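Please go over the structures that come below.
Each of the two complexes below includes subunit A, the first together with subunit B, the second together with subunit C.
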Partner chain A sequence: MKNPILRLAILSFTLFTAACQQSAEWHGKDISGLMPDLQFELVNDRGESVNEADYAGKVSLLFFGFTYCPDICPTTLAQLAAAIRNLPEDVQQQVQVLFISVDPARDNGERLSQYAGAFGEQVAGLSGSQEQLQTLTRRYRVTYGYGEADENGDYNVSHSSAVFAFDNTGRVRLLIREDLSAAQIADDLQKLLKG
Partner chain B sequence: MQRITLSILAILLLAGGLAWVWLVDAPETVSIDQARIRLLPGDGPQAGYFVLQNNTRQAVRLQSADSPLFNRIMLHQTRIRDGQSQMDHLQGVEITAGDSIEFAPGGMHLMMVGANQPLEIGDLVPVTLEFSDKDNQARQLTFEFIVVPITP
Partner chain C sequence: MIDNTPFLLTFFTPWEFSWLVSGSCAAAVVLYLRGLSRGADAGFARSLVFLLGVVLMYLVTQTHFDYWSQYMFFVHRGQHLVLHHLAPFLIALAAPGAVLAAGMPEAIKRWYARQSGLRRILTAAYRFIQQPFLASILFVGLIAFWLTPEIHFDAMLSERLYWIMNWSMALDGLLFWWLMLADTRDRITPQLSYGVRMLLLAAIMVPQIIIGARLAFSKQVIFDVYAVCGRAWPISPLTDQQLGGLITWIPAAMMSVVAALILLRRLLHSQSGNRAAAQETLCNE
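Our next item is the complex of A and B:
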């Protein structure tokens, strides 16, 4: 779709129909009460220690990945970024994507900030020590692991593909699968923002 | 009577035209569509995507890829099992006669490692794909991949 007007028309139509479907149904999976509230000790892309209080008051989307991941991680992040851009401009700032690298050995602050920055200012790139990452992934019952390094020293990282959504009080609300469209995610974000 | 003659003439012309188009537009080869590299910042790996159409009358196998602008390129597939995502190496991908395959986000991709110069949106990157057929005849085809932004 190269025609920007056509694109805008389709986008408006999608938003319009999304707004008309005022059902209580979520596109993501409702996991309210099934997981603990947002809580973490991590390190941001400037090397500073951060925790959930630094991101309080926003709807948070928690996603695990690594920057040497050119396929699924950027696909998911681009999808989340597009969903945020689908929201009315005045509420876009109320959503925060927390991209957590589970590959701290390669993902230094500079890499994290470059990578996260490519998806817009709402995406923060965080990582931490193995202990901090283990604590966080255990808390949300996900895992990560490293493949064997090849002759070039490159290795693969397996990680959870899901996105955890928390409301602006830090309560866990939704599991967003990677196959939802940006419009569907935007629809869920709208409802989360309304409380 | 004249009408029938005209109709026959029209049909012959049309058929001839179609045959001509078929002969000219369907060379016995493998063609590519939507060849692109989705640009990520930094010196990490990039992902290449495309649709490959096998116009030949036999199965061909995509074996490997190579580009002067990258240290190496691997054929990868993202797999999601039980909510866990990882990338697997592909030894090759077969395309049956007349069929096509798609390398697309979240599935098969070219894992392009070690760009030896910074890439910019709109750059054209030559990528050579190596195929083999059932007689193990190797054939190389070079295509241009356009560098596109990561966000649509």
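Our next item is the complex of A and C:
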């Protein structure tokens, strides 16, 4: 057995440094270095295979959900869209939202395209095979699951409520939780755009 | 998640494989079996209890159970119940020290026998951390520490912190139950009197009940990390939290009662043993 005092010392040191990494200047949670950079293999709303290279060069907001989602997804997407509208017009095109449906069985390309488009041109609807989705959710330590279907075949989907923000080089930077306002998110986006 | 692979295969595939965890469990089993084959006597029941403890530790950390623990609060509480209470309790109850020592390769034993300085330091550190007050504070303190919302958030998000959390629970569980259940054959662990042990067992129940009941009765979701990362399947966040609270509260506190009953039985045995010995002495005189 390892020296327990040493173990405690290491433990408190790790937590201390982890706490220090949390910079006070962001509204979201700084997760630089805690998670891997943007990388994925998915399918876009036209059924074409895409990866992170197709979306390179912009600040990206990654969000998992499903179009039948009753509450979290529409609220969050509306919030993100409002935050982007808060930005100066010339930089709005430098931000994109990657909305990834974890319910590919129901969310076909057309549905995805309509749903994502309703929140603005900066929102891209993506999905993929179960394998592709699982690889991506695992990469960001999130998950999703399906509830039992009712008599109409409707079912609930559990998914991550977080938005992962990446800078324009694809490096992971922030975790944006539900409780942030559009203005706060816009503030963080401004800083991300400056680099 | 949907998966077409057979359930058993999915279940037994580690969600996040760890050489350290799998290796430690395997080493414990190999050393123990080697010790038995070299003539160390533990009896069937004790051996079974030890192996069960190690297997439980493995099952909750190196199978799909670990996936559920990461994405469902109440399963996470179940994982810690096994890591901090049940499995270390069983391992300590089996008092495997002598068998493990017998299973140790000769070279390591000879090397360790020569390191008198190192042995002194390790023993002193071990006895320091096994002081009754410190051991109890550490036992409930760790539960409270990892259930602090901000710390819990980071621990569930970062893979490194997640493993530190689970290791700290398992090692502290081993230390505490070892101290509680140590018998007179153990020459290194401080031998607390039965009274002190019962007192400590009762004392650690109170904060565990408070922490568990607070979670079970809270009308607010205290840990948002499970919403942030997504749950393993759709369930109301409050139901998840209430179940987690009940697991932290009832079975965890019951372990103290079980330990106290075992100690009571030992106490009665030792007294009747003393009486028998005393009678024997009288008869012989």
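Here is the rule we use: the second predicted complex is superposed on the first by the 171 of 195 C-alpha atoms of A that agree within 3 Å, B and C clash if a C-alpha of one lies under 4 Å from a C-alpha of the other, contacts with A are read in each partner's own complex, and residues count from 1 in each chain.
Just so we're on the same page, a residue touches a chain if its C-beta (ideal position, glycine included) is under 8 Å from a C-beta of that chain, and two chains touch if they have at least 3 such contacts.
Just so it is clear, the model here is predicted, and its values are computed rather than measured.
Once the two complexes are overlaid on the shared chain, A:158 sits against subunit B and subunit C alike.
In the superposition on chain A, contact is made by A:137 with subunit C only, not with subunit B.
Touch criterion met: A:31 reaches subunit C, while subunit B stays clear of it. Judged by the touch definition given at the top, the superposed model places A:71 against subunit B, while subunit C stays out of reach.
Contacts of A:63 after superposition on the shared chain: neither subunit B nor subunit C is touched. When both complexes are overlaid on chain A, the residue A:99 reaches neither subunit B nor subunit C.
With both structures placed on the common chain, the touch criterion links A:146 to subunit C but leaves subunit B unconnected.
Touched by subunit B in one complex and by subunit C in the other are residues 142-143, 147, 156-162, 178 of subunit A. The residues of subunit A lying in touch with subunit B in their complex are 67-72, 74-75, 78, 81-82, 111, 114-115, 117-120, 142-143, 147, 152, 154, 156-162, 178. Contact residues on subunit C toward subunit A in their complex (touch as defined above): 1-3, 67, 70-71, 122, 125-126, 128-129, 151, 154, 157-161, 164, 167-168, 171-172, 174-175, 224, 227-235. Across the complex, subunit A is touched by residues 38, 40-42, 44-47, 71-72, 76, 78, 80, 83-87, 105-106, 109, 111-113, 150-152 of subunit B. Note for the complex: subunit A touches subunit C at residues 1-5, 7, 10-11, 14-15, 18, 31, 34, 64, 130, 134, 137, 141-147, 156-162, 175, 177-178.
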